[in-house]
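Next come two complexes, and both contain chain A; in the first it sits with chain B, in the second with chain C.
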Partner chain A sequence: MPIAAIEALIEVLGQSQVATVAETIDLVETQSAKLQCAVTNSIALSHGTHLFRQYLVMSLKQPGPEGKETSTQKNFDIVRQHLLRNGRLFAQRAKNARERIAVNGRRHIHDGETILTYGGSRVVGTLLGRAAEKHDFGHFVDDPIRFKVIYAIDPALETESNKVIAALRAKGVPVATIPATAVSYAMSKVDMVIVGADAVTANGGIIARLGTFQIAQLAKENKKQFVVAAEQHKFGKTFPCGQFDYGFDQGVIDFRAGSTSTSYNKIPKETLAKPIDYTKPDYVNMFIADHKVLTPSEVAKEVIDMLL
Partner chain B sequence: MSTEPNGEPSQGAPQPKEQSSKSIQPPKGEKTGTAETPNALSGEKKLSGAELKKKAKEEKAAKRALAKASKEVAKGEAAVSSSPGQLGPSAGEVKGNKKGKQDATATAGSGAGGRPTPNRATPSMVAEQKATIPECFSHLPMAKRLPMTQADKSVHPAVLALGQQMATFTIDESINRLRATLLAFKRVIASYSTPAGHTLARHFTPHVLGPQIDYLTSCRPMCFSMGNAIRWLKLQISKIDMDSKEEDAKRDLCRAIDNFITERITAADEVITESGAKHIENGDVVLVYGRSSLVERTLLCAYSFGTNFSVFVIDDPYERAGQLLAKTLAAEGIKVTYCGDFGGLINHMRHATKVLFAADAMFSNGAMYARAGACDVALAANELEKEVITLCETINITERVATDSLTYNEIDPERCSAEAFRLLFDTTPVKYLNALITELGCVASKSAPILLRKLEEFN
Partner chain C sequence: MAPPKGGYAPNLDKFLDSLKGPVDTSVEFLIALLKRRQIKGSEPCAVATARILLQVVAKEKWTDVDQLIERIRVVGTRLVAAQPRELVIGNVVKRVLRLIRDEAMEDRNEAGGDSSPASPASMLPTPIVESIPDVKPFRPPTLNSLGSFARTQSMFSLLADPDVAPPLWSNGTTPAAASGTSTPLSRTALSQATNISALRSEVIDGIEEIMDEIKQVDDQVQTYADIIIHPGNYILVYQPSRTVQKFLTRCKRKFNVLLVVDPSTATSTEDLYASFRKSLVAGGSTVVKVMNTGLMAYMPRVNKVILEARAITATGEVVVDSGAASIARAARQQGRTVIVVGGVYKLSPDSQANQTIEWGDPSKYVNFSDGQMVGHVKVKNAVSESVPEADTYLTNLGANSKEYLHVIIEDHYKEEDIGLDLYGTIRK
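So, the complex of A and B:
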């Protein structure tokens, strides 16, 4: 979603007739706001648009060709063209991020380990898939890593999970599927938990599929590594104070009384299509991002450097 | 660490209660020679002749030591100071007072009538304070009410008045002290004219600004934000072009100060208030400690957003400022529960969902410097996994580091006796704090040093 938003913004910028720096920023902001209004859970989206806005400000601040200010008309046009070209590159780079995370993550998975994962993250899928492949660095060749995977299944995400599981099994990785209720039971067999995230918060926590937080708590309780694989464009300045501070209501907790029906509130009904929860940085051991591997406090530092 | 168990000053502070609350003096206030001469005199009479003599001697010795050490003392000081010193403190003090009053109202700052020696009380008071406070706490400063007459002659009347307000805790919150200080300095700049043969950039800081700062510091130890702002101001002064006209330079400086106040205090407060209010949700029970105007405004702002929440006020038993907060909030229609002290704190905390603090300063290790007792509240909140949110303007972030409450602190001048004293602040370790809301945004508390570095980049 963040990348789609960034691409949309670049498209708008290409079509528009803005002539000044202020107009450009203004346009990006109004369009971002429109995008955010269109979805209930706009956290990941806002991270993407905010990053792009910040990127624009940075580029526009820089002196144009011949070291002149961008505020002059001629220079602005040149910078704008440059920006559009680079903007596409920016989006392309974001798309390639998954592969680079796989390269960064590979050295953190070792022979004989058992990895537990949850949800349908494509980042994690790619990371595990590449780790099971032979990797040719040019000057030397890395053999496939022999590891096992325990996949905790969320019924709501079965299709996504099944894709990843099928791909891994095809590569010869032994995969066991367990219901999310069996995570605690299986935890002693696990060496490391790797999950993806919807968004990474300003303090180095994550916002991810509902259920991630409890797995993080179980991992910490069992002293297992809890690793998050997330691209840099998911970093943002959201800072939830607790589970209910997202700015929108998920409707997960729904009190009822007096009804004769025994049907319990199945989560997807009357709730957000993809409910989320927030995992505090205390529970995360490591982030594998596309540019490097970081600790939660390093993430916090990057967010401040990048976005404030 | 010995702090007093109850609010009443126990032994060693012989004044009646009304007096101690009206004028804040160290326990043996007779030598401070405040405006309340009759009280000072009555205190004086209790001393025997021998004691008086001894005290006069001590005073004289201390004065000499100080005169040697400090440059700011006027040239003729030594000669003048010796004679009233021998007259005995009472007579000398009364005289000085009367004269001083006239000075302050009429021509204060001109320094023509400032004959009663500038730093008279300082040495004796320092000596006295050291005697009551145990050696290991002697590094902790204490606010004291310096008579205006004893200020350096170059202290501006606006600063003199401010010093009194700070010493009496009339202006208490660090951000208000900062604002008042900057406004006073603006007036100092406006009334300044460069002497012949000097330039503003070189002359102003050491000869004019210096004494103002010294005076303010002697009234009440500077808060961290004042330190930060003064460093900034000195930098601005040093940047002034030597060749620029004095009028222009003064105008630019005043404008810079105005901008600084707008950006770092007024606008910052607005941003913090609003973003703090956004973190309060429907159904929240916000626990606050004592009263801070920033927290008060944040709660009112959240209420104006239409958020349905209630507030639990835990008060500082020594100040009871929380009562004011509770009244203000209740008058607006917010549901408030009030508790006057820490009794049942953990039980109250169970009902809370969030804890809101306003920091007096943030150390660069993320620790919070706030009203004494804040750490206890944060500890309880952490014990029950409650979210602790700190509100703080970035000007309050200092590059210093504190891991305990004794490195930087202040002694409560109203509760300081020979056997016990109370500290005004404490330091809350970063592990008990979750979010830090500044005008730059909401970050993790341990990111305070990153904000600091970011601010340096801006400048």
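So, the complex of A and C:
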């Protein structure tokens, strides 16, 4: 989603005739707002648009790419040209980020471990899949890691999960599927929990599929590592103060009363297609991002650095 | 902590003597010593690693930076493989690699300044780095000058322009860079002989500084004693190492020390800590010796627990002597402050201490002549344990919280070196 938002903004930038910095920033802001209005859950999207805006501000503030002081106008043209030219590249980079996460994450998975995961994250799927493969770097050979996976399944995410599970099993990784309700039961057999995230918040917490928070709490209770695999472009300045501070209503909690089923089925409250929850940084041990492995406090620092 | 005197078994001193010979022999000797645990403990391991790398830089023939880095990587990986539980070996290797990269980059900046500029693609440093060419020779750049600036950029790597100079962060943590096959350094004016000899001496100076740093840790950490220890405090220490002993004796205040000793070591010798006690008592402090089993009774009185770290990981996990983990846990359970003491060289950029628990010789607990036991019971004896987190990490740079450790790591290590020892086995 963040990447799609960035691509859309680049498209707008290409179509428009803006000629000054202020105009561009203005255009980006209005278009970002429009994008955010179009979806209910705009958190991941806003991280993308915000990153784009900050990049513009940042690169216009700095000396030109040759290291020489260029006039702002010239600098502006260079940056604009670069963005229009490389729109495709960003999507490609975002895709490559998953592979880089797999490389970074590999050394945190060890032989004989059991890993619990949840949801249909492609990042986690790639990470686990690559860990089960043999890698030959020329100087170094990485043998396949022999680990097991317990996959907690939520009926709402079943199709996505099944894709990942099939891919893992095809690679010879033993996968057990359990309902999300059995996580607590299975936790003592688990060495590490790895989940993906929709967005990473400014304090180093995560916003992920509904149910992730529960698993994080169970992992902490059982003193298991809770690891988040997320690309760097998912980091952003969102700072929720709790589960009901997203700026939109998910419709998860819906009170009804009445004796017959018909009486409370009349006006079903609309539930968000992909409900989310927020996991505080206290529950996260480690982030595996595409550029490095970080602690939550390090994530917070990167986000603050971006905002400066 | 000091290697046992006397006897004919080789130790650190013997190794240091052997350095006069050919480098390869010394490397093999050190690997053997590490494997046999004849050099053990974090400080001796760190010193030995720094010394051998110094020899590699000084004595071996290399014509450009790539070659040198590759050589250090190979030697470093083998040393780490010889004693994977001792994280300081990897730390020192990574510090040296960073040093070489910094020196090389600095040289290049100078070369780029007065000779004809190289093509933009081969210029590694980004404009940001060029704008501050006079980074101090042997010190890692401070966060203000380079660190935070580079980090700021990091979030934008997704949108960075590929046609401009390759960004600093792009060469880190990719398989290619991690395997060391395509380190995007040199190939410029660097291969000139004059530059090489200058670089060599600069790197040697740098490594010597690292060795000095390791040596000075005790003295530097001591200076914080009066800040940490307050009059009348009850300080609990477990089998205090030299660093902790010096730290306590340096404090000019009157306080109480609870000296916890593992009963199995206490019975073997008379009193390992006689001089330590004497100097504390001379200063007016009280020393109470506690056998490990009586520990819990004292915990409510304790104000601070001071432990020596064998290594500290990026996530704040601490590798400690066996026995210390249960003390740390007891202290945390009762809400007592746990202070971990150790030099910055012990701070490892890796974040996985659960792999560092070392199992060692259990002969202290079970006599080998006891055939019944030896034959039927599997006895395991942990040499080191891991504590998930401490309250304060006291290094030679001062007292830090867990959240701040990553900043120190950024200042001392380069991202491309962090994965050094973890990429599989070397193909030979």
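Just a few scattered comments:
In this section, the second predicted complex is superposed on the first by the 275 of 308 C-alpha atoms of A that agree within 3 Å, B and C clash if a C-alpha of one lies under 4 Å from a C-alpha of the other, contacts with A are read in each partner's own complex, and residues count from 1 in each chain.
Keep in mind that, in the parts below, a contact is a pair of C-beta atoms (placed from the backbone, for glycine too) under 8 Å apart; a residue touches a chain by one contact, two chains touch by 3 or more.
Because the structure is predicted, anything quoted here is derived from the model rather than measured.
Annotation for the three-chain superposition on chain A: chain B and chain C fit side by side.
Within the superposed three-chain model, A:Phe76 lies out of touch with both chain B and chain C [touch as defined at top]. Within the superposed three-chain model, A:Leu308 lies in touch with chain B and with chain C [touch as defined at top]. Applying the stated contact rule after C-alpha superposition, one finds that A:Tyr55 touches chain C and leaves chain B untouched. Using CA centres, the angle subtended at chain A by chain B and chain C is 70 degrees, rounded to a multiple of 10. In the superposition on chain A, no contact is made by A:Tyr118 with either chain B or chain C. Of the two partners chain B and chain C, it is C that touches the larger number of chain A residues. Of the two partner chains, neither chain B nor chain C is touched by A:Phe147. In the superposition on chain A, contact of A:Val293 is made with chain C only, not with chain B. By the touch criterion defined above, A:Phe226 lies against neither chain B nor chain C after alignment on the C-alpha atoms of chain A. In the overlay built on the shared chain, the residue A:Gly242 is in contact with chain B alone; chain C does not reach it. For the pair chain B and chain C, the model built by superposing on chain A gives 8 Å as the shortest CA-CA distance. Once both structures are placed on chain A, chain A residues 297, 301, 303, 305, 308 are touched by chain B and, in the other complex, by chain C.
For chain B in complex with chain A, the touching residues are 278-279, 281, 353-354, 387, 389, 434-435, 440-444, 446-447, 450-451, 454.
The touching residues of chain A, counted against chain C in their complex, run 6, 51-52, 54-55, 58-59, 62-67, 82-83, 86, 89-90, 93-94, 97, 100, 103-104, 107-108, 110, 135, 137-143, 223, 232-233, 235, 285-286, 290-295, 297-298, 301-303, 305-306, 308. Put simply, chain A touches chain B in their complex at residues 202-204, 237, 239, 241-242, 244-245, 247, 281, 297, 300-301, 303-305, 307-308.
Considering their complex, residues 120, 127-128, 130-131, 148, 151-152, 154-159, 161-165, 169, 172-176, 178-181, 314-316, 351-352, 355, 388, 402-407, 415, 418-419, 422-427 of chain C touch chain A.
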